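The structure appears below as structure tokens.
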Amino acid sequence: MINYYFQRSARAVLTIWVVITATFGMIRLLPGGPLAQLEAKLLRQGVPAGQVDAMLQTYQNVHPDKPIEVQYIDYVVALIQGDLGTSISRNKPVMTIIADALPWTIFVMVTATFLIFAIAIVWGALMAYREGGAFDLLSSGASIVLSSVPFYVLGIALIIVFGYQLELLPTGYRSTSGIDPESGLLVFILDALDHAYLPILSMVLAGVGLQALAMRGNAIQVLGADYVRVARLRGLSDRRVAVRYVARNAILPMYTGFLTLIGFNLGGSVILEEVFNYNGIGYYMFLGLDNRDYPLMMGIFLIITTALVISVYIADLTYGLIDPRITTGESNETY
Amino acid sequence: MNIRICYVGISRIDVITTTFIVQCVSWLTCNMVENDESRHMQLNRRRFIELSGAAGAISLAGCADLVSNEGDGTDGGGGDGSGARHVSMTNKIPAELQWNNSNPSTRAEISRRAIFDRFVAYNIKTGEFEGYAISDWSHGGNTFELTVREDLTWENGDDVTAEDVATQLNLGLKTGASYAGYTESIEATDDTTVTFTFNSELGEQIPKYDILAARYLHQKASEFGKFLDQIEEDEEAGLQALTEFAYSEPIASGPWTIESKDQQQLLLKKRDDHPDAGNINFDEYVFKYYEDNNSVYQALKNDEIDSAFNLYAPPDVVESFPENFMQVQTPGAWGYGLVPNHDHQHMGDRAVRQAIQYVINRKQVVNNVSAASKSVPPYPVGIPSSKQEQWIGDHTDAFDDYGADTAATEKATEVLENAGYAQQDGNWVDSDGNVVEVPIVEPSGWNDWNDATKTIVDQLSSFGFAASSESRDYGTLTDTVWPNSDFAITTGGWLDGVPQGVYPYFSLHHQLVKNSRGFSYNYPAADTTRGGDRGDVTVPAMDGSGEQTINPSDRLDELAVASDEATINEITVELAWVTNQDLPMLPVMEKMGQSFIDAEGEWSMPDEGTDSLGIRYPNTWLPRTGDLEYKG
Amino acid sequence: MKPTETDGGERPSIVATATGEEETFSFEYDDDAVELTHRERARELFDELIYKPAIVASKDRRTVIGGLLFFGYLLMGTVGVLVYPAPTSNQVDRSIAPFTTVDAPLGSTAVGEDVLSMIIHATPEMLQMIFAGGIFATGIATLIGTVAGYKGGRIDRAITSFSDAAMSIPGLPLIMVLAVVFRPSNPLVIGVLLTINYWAGLGRSIRSQVLTLREEPYVEASRTMGVNTFRILRKDIIPNLMPFILVNFANAARYVVFTSVGLYYLGILPKSVENWGLQLDEAYKNAGALVADGNLYLLVFPMIAIMGIALSLILLAQGLDRVFNPRVRTRLAGKSESNADDAEEQRSTELIH
């Protein structure tokens, strides 16, 4: 068992390393460099071509590109020392940017994912209990329709309605100018919530439908299971049956889904945060891609990959603890 | 001040949230305030209110001290403008901005026009140069003298000296500024005079446009002199240091200086010791951060900002802005054109180029893309639209306009048939039966350009050319496609850009000899770096009799040193004629910079059509002359 | 999952043959021994794979609606593009409001393109992307999942490690980088690109299903008879997984729709084909539709097109789940089956994407 945990951990670390190496190579294949992207931007802004050329040419001449293997070794050495490099477009250490951005993304994504599951479990269970009834029918229909909308489309729609038309909520950014924890914790939290409502709402609305249906399916199966009937026959109270038997067994399979969904959503934050101009890591990922800001992109890849690996890792290790029916380890014989 | 701040501070929905939360946290918060952090909270309250403005603030039950709904006092600015502020926009995060022009990262583009004074005010409408930080200049064959404005000081009180200006211009010499090619030395000859010495004699216009027109006084010798020394010692290390230096606390030469910058706004305060401070009747200049155009549109729509700088806004959006906003359009001397590869089997054929130019309905392209931000060049020549009348106005009967607002298909057919092309099954083929393909390579993600290409492809296709478009990443274009001539025809700027491009010499040079984007378009008259050999070009004579052979490269050299008007005119018209007939590039549209300024609400502006609107960046220039005033 | 009656014709038969001295008795997988003519076999196959599911499907409203809706998109993408003229600039006046003229029923863009035509002509490429992505994702997942699950041991470990690594690459950012690097313009390639690591999660759950399946008595029987692995997978395991695979095909297809539109919207994929995401992008960036209320229709119609196809795919997935799920079927029929096994539960949780 201990051996299994050790192997599993080693594999997690190996995975991160492989992904980082692959990503490093891939990112360098991107056409154009940071300067070409900058040139395009300045030109379109109407900055005189001669000025742009002179500045970028000078910069390029004194900052020649190193061979890729040298860059890679430099990167890994720095990484081991905890240095993610300096963002080209933002002129700041990547670590600073990520430390600034990550909490916001985690806040939005974890809240959204948690809400998705909380709502889905209750809603799905209710549907299952009233299977075939009007509530079930309407709810199933609603959840299917909700799932057919991509979250970013929903996001745009919400921005238009609540941001531009009703002007109830901000149309973007994660907080308002000048408001930070120093301007009063309460004010800051309210402001941050204001900016997070729409991103979270669009994730939850678009994501809750399928999860609720999954929960409904699980619950229906459990409700029909022998042990539930036995429990009823034994005269256990409905409440006890609902909580001890049905809820527990129906929620169990969604547990891994929850962890992997958090990881999955971290990747999805690229589109979400771009739509909402929400300065989280997804936003910076897009920025990095747009500006060919290699260190910034690498840093964010590293963070998201690590998060994904860790959530799969936790799911693997804990699933056996939560559901005793699953045996951890590799007991399967080879055929 | 007419700023309706909806999101700064607390928005309406918070009131709902607050009622939920307030019960739980209010006593806690109040206790906190009373116990140990009261001083801290007081301070923060002031700061919060100062930044959040008048609207939206709510008062928390039982803890009224935390925030109050009193105004911030700036609203009531009186006639002298004390306390008034002008709110504009920036598209970069203010906290990260830096003002070193040689460092490409997080370089300030917009606020620099407020913080630094321009050398001269160049009026694109009248073509006049009006002295400013450089109050006077004189041209002497192979020398050029600049006189520094007398009463000008830096924000720390030091006088602006010739030494400062010379330092900045010498750094330009080291970093490839446009005048580096012909300048031998730049020296401060006395406290207020900077003298350029050129490699050889030069006409007056070129240094005027090159040195004066687009420059700002931004590098104080005490801050940047060390880089110049370093570069002289070890060029590479010096340039490295210069290009990496983040000038995040710039010393202002202009009438405003940085008071504070944070994630979402840059706050500038008026400098009372600036010589033009008396013309400015408001105290603060704010650049609020808006990430994308849509949020700027919204801000304008809600009258949240007083001006917007160089903002692309399509007609439908402009209509949604309040009426008090004036749209100021400034020609960009830059814009979408087509650059053919002159070595290409078909694109190298003048007849095909002319046919394409005939078929393109430029007016339709402009209207499709956005009539508000683009203009139609009346004649396809190497001279910006707004200057064509001035230079070739006397010869318009000779010049061909190729149908500015129509698809001149008959002319195109005639030209092609005379050159041995024929139509076969609806497609144009050459004498060998090869279909004439027009695959236009364009940068991806340049939406306005992509729309133009789409329109042109449709226009060419319906005429019978096998036209198509292929979008590539801009980096790929500049890295490989353009330098390697890996295209048959591609999109590109047909002018040299403001301000130089306004003067025909530069745009003709750009089209005929050495374009600034590095297109290896293999035009015979072009420089070797562009795939040519500075050769001759033969075109029909302008008077309609026979042909004339011209060497554009030589003629441009003559134009550069010419000083009498007749010669300048003659050469300019002659070379414009070559571009019109031979079409080294195919002009399609010219960019118009759009600025929006509150002209009737709380601000007063010169009337539309006034000459002073021809000076770029009116929202930072006009306050300096007192033309943009706060009126409450 | 239990084998259902649908497996009858596919099951290996046990045939006793006397082949002389070396072997007096052997198990052999012999199709000919089943005394069925080809036609009968074909009919049986038709019955089991198409007719019966179709009957069940037609009883499920979701499948019917989803199927009809999807058929509508198929029509739009095949006949529609032939009948309705392709979008070109200035084919109608610029910026016509919707529902004002038959020339452009859904209005036109600032470039004078018919919005309806843009929507219709984006369909074929979208369908190609869907099929390419769906087949690639489910195909790879099935291959990897069944081999890993069935073979177990070292091969399982190797494959699982590999797919874990693939799963740990952040999907969307990876796709974005690849899209910029390769600028794919062929819809089939785009479809595959979008599902470049989608298969990993799916493969994992197929593996866990196979783990249960391989312990089934009939699989064990085949194994004891010495039937080779590939054949067991093909004949015994995969047919039983088909329903699960089909459901996930629909889910992968929906994922392809969402991701492709999202990436076109962000301007990551090249504008080589018409796409609803490109329409959103144009409306957002060029027409300022968020602010200029009059241009909202430029956003709304492509949004409806996206929702419609996604809705059809979800309905199909949900309905198919029921069609192929014997437990749900029997339960509905009033018969109760034994308690749910893990594979069943796992299936439901895999609907997350």
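Order as written gives the chain letters A, B and C; numbering starts at 1 within each chain.
The working rule: contacts are C-beta pairs under 8 Å (C-beta built on N, C-alpha and C of every residue); 3 or more make two chains touch, one makes a residue touch a chain.
None of the values given here were measured: they were computed from a predicted structure.
Centrality by Cα centroid goes to chain A. Comparing the centres of all chains, each the average of its CA atoms, the largest separation from chain A belongs to B. If you average the Cα atoms of chain B and of chain C, the two centres end up 49 Å apart. Centre-to-centre spacing of chain A and chain B amounts to 39 Å, using the average Cα coordinate of each chain. A separation of 24 Å divides the Cα centre of chain A from that of chain C. Each of the following residues of chain C touches two or more other chains: 180, 284, 290-291, 293. Multi-chain contact residues of chain B (touching two or more other chains) are listed as 294, 298, 472-473. Under the contact definition stated at the top, the residues of chain A that touch 2 or more other chains are 30-31, 164, 171. Taken in their complex, chain B has these residues touching chain A: 6-14, 17-18, 21, 25, 29, 41, 44-45, 47-48, 51-52, 60, 66-67, 96, 98, 101-106, 109, 172, 174-178, 180, 214, 236, 239-240, 243, 246, 262-265, 288-289, 291-292, 294-295, 298, 302, 310, 332, 334, 443, 446, 472-476, 478-479, 493, 496-501, 516-517, 591, 593. Residue ranges of chain C in contact with chain B, taken from their complex: 88-90, 94-95, 110-112, 180, 183, 267, 270-272, 281-282, 284-288, 290-295. Per the touch definition, chain B reaches chain C in the complex via residues 293-294, 297-298, 301, 313-314, 316-317, 319-320, 364, 367-370, 444-445, 447-448, 450-451, 454-455, 458-459, 461, 470-473. By the touch criterion given at the top, residues 62, 150-157, 161, 164-165, 167-174, 176-178, 180-181, 201, 211, 214, 223, 229, 254, 257-258, 261-262, 265-266, 268, 280, 284, 290-291, 293, 296, 299, 303, 306-308, 310-311, 314-315, 318, 321, 327-328, 331, 336-340, 342, 344-346, 348-353 of chain C touch chain A in their complex. Contact residues of chain A toward chain B in the complex are 30-33, 35-40, 42-51, 53-59, 61-63, 88-92, 163-164, 167-173, 175-179, 182-187, 190-191, 193-194, 197, 277, 292.
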